[in-house]
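These notes concern the structure reproduced below.
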Amino acid sequence: MPSTRYPRPSERDDFGRVMYFTDAVFAIAMTLLVVEIGVPDPIRGAADDPGALLEVLGDKVPLIAAFFVGCFVIGSYWAAHHRFMSWLAAVDPGFVGLTVVYLAFVALLPFPTSVLGEFGDNPISAVLFAVNMGVVSTMEAVLFVHARRRRLFREDWPEQVYRWELRASLSPVLVFALSVPVAFVRPWLAILVWFLAFPLGRLLDRRRPEDARRYLA
Amino acid sequence: MPSTRYPRPSERDDFGRVMYFTDAVFAIAMTLLVVEIGVPDPIRGAADDPGALLEVLGDKVPLIAAFFVGCFVIGSYWAAHHRFMSWLAAVDPGFVGLTVVYLAFVALLPFPTSVLGEFGDNPISAVLFAVNMGVVSTMEAVLFVHARRRRLFREDWPEQVYRWELRASLSPVLVFALSVPVAFVRPWLAILVWFLAFPLGRLLDRRRPEDARRYLA
Amino acid sequence: MPSTRYPRPSERDDFGRVMYFTDAVFAIAMTLLVVEIGVPDPIRGAADDPGALLEVLGDKVPLIAAFFVGCFVIGSYWAAHHRFMSWLAAVDPGFVGLTVVYLAFVALLPFPTSVLGEFGDNPISAVLFAVNMGVVSTMEAVLFVHARRRRLFREDWPEQVYRWELRASLSPVLVFALSVPVAFVRPWLAILVWFLAFPLGRLLDRRRPEDARRYLA
Amino acid sequence: MPSTRYPRPSERDDFGRVMYFTDAVFAIAMTLLVVEIGVPDPIRGAADDPGALLEVLGDKVPLIAAFFVGCFVIGSYWAAHHRFMSWLAAVDPGFVGLTVVYLAFVALLPFPTSVLGEFGDNPISAVLFAVNMGVVSTMEAVLFVHARRRRLFREDWPEQVYRWELRASLSPVLVFALSVPVAFVRPWLAILVWFLAFPLGRLLDRRRPEDARRYLA
C-alpha cells in the first residue's frame, strides 16, 4: 500500500512533544525507584513462617522510606514543571536543549535515593541528595530565565511579578544548602529540613504581591 | 536560528498532561514486573537439553504467575482511572498533588508482586499486596471526593448517584480487608478473594439506580 | 490559588489514552531488553587491553542478537497495532479490558527474549518465544473481532474484506506453530521461520481482493 | 454499560503516535542509564563514617561520568529528532518501519554507555560507543532520504537545501569514524572528539546557504 499516509493534524504540536518527553522521564525516574527496594533475601527456616518474612521485610523499611522520599520529591518537581509550562505560549530550540540538561539531573535522582536507602545514617547520603535536588531547582530557574528572555510566556509579566516568582523558584536551593550542615548533626534531620521547602513555598505564595495573582493563575 | 519557535496549539492541554504522566507510571509499573522474573539459572548438564531447561523454567512458574496477577491488578486500576477521568471537565493543582500520592502507591506495586512471587506460601505476602491495593483504592476514592468538592465533573451528578459511585469505588477496600484473615488460612485463597472484587463490581453496576446510567456513560 | 483550573480541551480524547498507554508499554518492553545484555564481566589481565575486552564482549554476542530479535518482534507488533488503530472510529470499555490482557503478553516478551539469549541452543527457548508471540497475535485477532462486533470501525467493511483481514492477522500464529517442530531440529532455524512471517504477510497483502484496498488505506 | 463509547477526536492523530512512541523509547533509554550506576558497595567499617562513604562513592565517578555522556548523547539525538519531525507534514508505513530500526539502535545505547563506564581506559569501549552512535546518525539520514522520496515534507525544499541538510545530518558519522583511531591513542580523547560534533554542527549551520533559512525554521 504505497499510498497510505498518516497526515499531521492541522495544528502542529511540537510544543506538546517537549512536555511528553519530560513527562516520560519523570514517570520512569519515579517508577524505577521501586527496583532499588529489591526482592527480600531468602528466609532462614520455613518459607511460610509469617514471623520470619516480617523480619526480612523489616530490613527493607529504610529502602521503602527512601522510595517514598524519592517519589515525593520527583512528583513535586513534576507538579512544579506542570505549573510552569502552563504559563508558556511557545518553546524554542534553546529551551529544548536546556530541558535535556534539566532532565539528565532528574534522571539521576534514583541514584542518590538508593544511596539514601542504603546508607541513611551517613551524612554524605543526605548531602548527595541535597546537591542533586539543588541542581534540579537551579535548572528550573534557568529555564524560567530563558523563557523570560526569549518572550515565551503567554502574558507579559510586570518586572516585580517575574522577580518574585524567580526568587520563589530558587528558595528550595536555600533550603537544600541549609540542610547540608544539619546532615552532619543528624542525617534524618536533613530530610525533615527538605520538607520545610513546601510550607515555605506556601508561605511565599501567601505573601505574593496582589497584582501577581492574575498572572500566576 | 534564534527565530525558530514551537508555538503551543491554540487549545491548551494542561489537562491531558496529568493523564499522560499517569499512563506512563502505570505502563512502567506493569512492564517492570517482567524484570522480577529474571533470567533462569544456568542448567546443570548439557545447555541444549530440553528437559533440563524445562525444569529450570518450572522454578519460574510462581514468578510468572505473580507477573500475571500484577499485570491484571495494575491494568484494572488503569482501566478504572481511564473511566474516572472520562467523567471530568477539568483538574486543579490539588488534584495534581493527590495524583502524585496515588501514583507513588501504584509505582510501589511491583514490590509486593515480587514478594508474592518469591514467598507465595507465606500469608504475609498476600497481606502486603492487599494493603498496597487497599491504599490505591482509597486514593482513588480521595480523588473522586476532591473532584466532587472542586466541581471538576463535566455534569452535576445528583447526590445519590455520587454516593452510589463513591461506595462502588470503595468496595474493593472491603474485599482486600476480608482477604487478610483468609491469607492466614491459605495464601492462594486470598488471591482468589481479590478476584471476587471484579464480579462484585459488576453486581454493583447492575444494582445501580436507574437515573445513574445517564451520568456514568 | 484555589481558582486555578486546567480545563479539558473541547474535544475529549479518551480514545487517545488507550493508544498512549499501549505505546508506553511497547516502548518500555522494547527498551528493557537492553538490561538483559548486562555489563561485561571483569577482564582477566590489564583493564586497558583491547583484545581482552573484545573477548569479553564476544561472550555478549548471543545476548545482543536476542536483543535485536526482541526489538524487531516488539517493533513489528507496535507497527501492526498502529495500523489497526488507524482503522477505528472509537473504543469501548470491553476493548480497554482486552487491551490490558494483550499488553500483559507484550510486557512478558522480554522474558522469553532473555531465555533465548542465554539458552539459544536449546529448542525450549525457541518454543517459549513462539508461544508468547502466538498469544500476542491471537489477542490481536480477538481485538479485531471485538471491534467488528461493537461496530468500532470507521467504515463498514464488506464481509469478505473483514474475513480476509482476520485471516491475515492470524497467519503469524500458523508460522509460530510451524516453528515449534523446527526448533527441535535446529533452534536457530526456528528464528528463521519467524522471519518468514513478514514476507508471508507481504504476499498476502498482494493477493488482497481488489475492493479491500480502499478500506485498508 | 454496553453503550459507553470513547470516540476518536474528529482529527486523526496517527502521525502523533509515531512521535509519542519515539519519545517514550528515548526517555526510557536515557533514564535506564541510572540503573547501571548501581548501589555503592557496603562500607568497610562504620556505616555512618562520611569519609568511608565518600571513598566508596569515588569508585562510582567513572559510572556517573558515563551516565552524563549517555544522557547528553541521547538527549541530543532526541532534540535532533524533534527538529526533523517539525519539518514533516505526514508519515507513511515505510517511515514507521524505518523508525523501529532507528529506535532499536537508540534502545541499545545504554549498553555501550555501561561498557564505557566500566572500561573507560580501554579503546574498545570508545569504539563500541562510536559505532552505535554512527549507526543512529546513519538511520537519521535514512529517515531523511525516505521522507524526501515519499514527499512527506511540509514544504518542497530546493535541491541544494535538501543536499545541504543531508550532509549536515551525516557529518557526525565522520566525527565518530575519526574518533576510532584517536581512541587507540587515549580513550578519553575520543570522547572529546565526539563533543566536537556539536560545535561542528553550529559551524555548518552558519555556513548554511541564505535561502535555506526560510525552510529550516
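Think of it as A, B, C and D in the order they're written, each chain with its own count starting at 1.
One rule holds for everything that comes next: contacts are C-beta pairs under 8 Å (C-beta built on N, C-alpha and C of every residue); 3 or more make two chains touch, one makes a residue touch a chain.
This structure is a prediction, so every number in the text was calculated from the model and none was measured.
Peer 1: Using C-alpha centroids, which chain lies at the maximum separation from subunit C?
Peer 2: A
Peer 1: Does the subunit A and subunit D pair touch with the same residues on each side or with different residues, judged by whether over half of the numbers are shared?
Peer 2: Looking at both copies, the contact residues mostly diverge.
Peer 1: Can you report the angle of the rotation that maps subunit B onto subunit C, using C-alpha atoms only, to the nearest 5 degrees?
Peer 2: Rounded to 5 degrees, the superposing rotation is 90 degrees.
Peer 1: Can you check how far apart subunit C and subunit D are, centre to centre, with Cα atoms defining each centre and the answer in Å?
Peer 2: Comparing mean C-alpha positions, subunit D is 23 Å from subunit C.
Peer 1: Which integer distance in Å separates the CA centroid of subunit A from that of subunit C?
Peer 2: Taking the mean C-alpha position of each chain, the two centres sit 33 Å apart.
Peer 1: Show the residues in subunit C shared as contacts by 2 or more other chains, in ascending order.
Peer 2: Residues 1, 4, 6, 12-14, 18, 20, 24, 28, 32, 35, 86, 93.
Peer 1: Name, in rising order, each residue of subunit D that touches subunit A in their complex.
Peer 2: Listed in rising order, the residues are 11-16, 18-20, 23-24, 26-28, 30-35, 37, 39-40, 43, 47-50, 53-54, 57, 64, 67-68, 71-72, 75-76, 78-79, 82-83, 85-86, 88-93, 152, 154.
Peer 1: Quick one: in the complex, what on subunit A touches subunit D?
Peer 2: Subunit A residues touching subunit D: 1-2, 4-10, 12-14, 17-18, 20-21, 24-25, 28-29, 32, 35-36, 93, 96-97, 100-101, 103-104, 107-111, 114-115, 118-119, 121-125, 128, 184, 187.
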